[in-house]
């Protein structure tokens, strides 16, 4: 019997507590909205964690039992403790999957794993986004049509200061005239990382079926691959072949 | 219930009939050796096809019912009918996975999908090969250690005239002084392609557990991703937004 | 003293002879419009060739003296002789640069080098295109701002059935709602290939400064890199290290 | 007239002062050995900087006047001030080229730009290395044959914990049985980064013509591409198209 994928959904969980618009859309917080639809999958088991918990809810023990971590943050990136960032980073290099959502582009953990500023253009005008699939054979595109639309969203535009993705799956069109690499896959260490753009807190984007489908696909893609190789690289090592 | 992955193992099947050394190692042919270990997997169902069958055993019907095609050829690449090559090519663009083994680097179908000569250095001296894993988080590397060895093999060396792989998973070391990109992943159309170097007919390489593990992993990685998007691209299309 | 880059601009040259709109924009043909601005560069020397010349103007001798070939074709791709396609293909693998323009996406030579169908969505409505730079440090982006606009153009939309580019430099936004990977770099053999989307025959796109800048940059990027390595790969080869 | 490429060669410069073997090979330090052969090029102007200088010789002013920075460090990576690392990092994102040599794989600046541990296997046995060219059309491969050899070196072996390179140009073979991705190109921000493996301090590797050729090629490849786009990404931005 196959083991379930153990997912932890992390959320800053501040907008929902202070902004009635956000609270109306996500009464239990974005983390619970995501945990709810993921938890309905037979092969996934979910827990949540938030910024204001001890150690942001990300103890070593929680991370050790996490196969895929989802990350939503926006206005309190600087409040995330560097020690916890380091802990998450080490788990990714060990193989834990990481799915970074929307404004998580500026999370310390994403910047650290990308090695770039992760800056971008942005505008909050509630405009339309159309997300195009450019790599149809990728498992994260499973079940999508040529594109899907998000009726109202915050715009993120290029140039997005990221490394060229190992696989670029989605590109967004915006009504106001911009484009954006919206679905980006990376391998880092033994871990897999997926950046997924949609998901602004003032719109019900995580209630949208296509968005949920992409996140479910991404969880399955990002799950760790068991490895016999210990440690990650090898360190000092004797020759495998005779040297004169 | 998950559907089984429908695999077709294609083999030129000429060496086994004329060369007693090869026949001793693969009495039923390379295709049956591979089909045997794949067929033991609960999520895989296998059939075989060979060059000398009608339409090389690759009728449209067989291909339509194939999720992943494995290809082993060596001395009769030129005998493969161009029409069948075109048929396989179209199925790959539609989403069928293709795993090209060893001397299949010179198969018409591989050259057509790569767009390059696929030439390489080679030497048949029965030397040792050590296959190193360079992308440990890739599903094709699942269950491998840092490296595995093939005691005796034909050497393939760089420069291998292929496009840079979308993911490079394995690099080989050879006793005689060469290196080779031995495990290369590509997306083409909706299909996924894996080139896997090991497997010369005069050595029992497909009986080796690590080689079988890589091929099993590759089958699961290469299986098609169901897509709603029809046709592949779209052709002539009206505007999605109003144009003045 | 540095040698000049020897460019050949190839054009189908049919629209200009039969369509007065096109003839008004490109009185001497698209090839001459491009040759004119390239020829003003101190480090470039240009010649042209067209479909209706003997051997389409692409004799072995011409190709042997070409460092970078530009290719514009549209309605007569099928008239290009397979033997000439093979000749161009071999020169690319040997190191000649190839810049494929706009509707050249369906040229036999591009399909052969890509290994995919190169199909796409399209619409001829004279809409606006905005071309965004996503890899600002790439030499082909030199001198560009965040984006440039093409006031009226034919739309090409995703999914563009190409291999993931080795470098993706430009992504287009279209007024009608689509996006497109408009500037794509590839290595094939020893040659470098750049696909550049803009350039429909019924709009004066090759007269636009930003478009000319991209083409000049691309010529410099695509020029061959002298190699001592002969032949391309190596063929049968004795061991470099002693084998027991 | 073309501007010269302004190179700064940075060296830890500790081994040379304490180890007579190293001092015998590089009497003026590794930085001067490299600066000497680069300084002979008509299109390059060179300066040097070392760890024990104020601000490690890398003042903002020096970096602002540096087009390409070369980095050699080994036993004192931890002594490099985080503020200077940040300064170099920002310059790379702005467009400065960075060439990281040999044991610089563990430099803070390289780890920060890669987002991974950059760990590897290693062995100091003076064994032979053979460096194979796998992307012959890349400008960094210009003038190389199929391979070159380094008679005696420290071994670095896979798994090298780096992101998959944007272009992989060189792969090394080692006598003791390992392989290594020895020439790796990356775009980060507007900057270009080249990691080049050869160069252990106890062997005269930087006196070797092929090694010098690769470094000269890399300097030319890594030089900044002038950009009109300010700032890097764009920040908050009004719509380019009318929104209802």
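Per-chain numbering from 1; labels A, B, C and D assigned in written order.
Everything that follows uses one rule, which is that a residue touches a chain if its C-beta (ideal position, glycine included) is under 8 Å from a C-beta of that chain, and two chains touch if they have at least 3 such contacts.
Predicted, not measured: the structure shown is a model, and the values here were computed from it.
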Same vs different contact residues, chain A with chain B, by half of numbers used: same
A-C or A-D, whichever has more C-beta pairs in contact: A-D
CA centroid of chain A to CA centroid of chain D, Å: 31
Approximate Å spacing (C-alpha centroids) for the pair chain A, chain C: 37
Interface hub residues of chain D, defined as touching at least two other chains: 121, 130, 133, 135-136, 146, 157-160, 164, 166-167, 175, 177-178, 187, 189, 229, 232, 234, 240-241
Residues of chain D defined as touching chain B within the complex: 121, 130, 132-136, 146, 157-160, 164, 167-168, 171-174, 177-179, 181
Of all residues in chain B, those that touch chain A in their complex: 95, 130, 133, 135-139, 141-146, 166-167, 175, 187, 189-192, 224-229, 232, 234, 240-241
Residues of chain A touching chain D in the complex: 93, 112-117, 119-123, 125, 127, 155, 157-161, 163-164, 166, 175-178, 186-189, 229, 231-241, 243
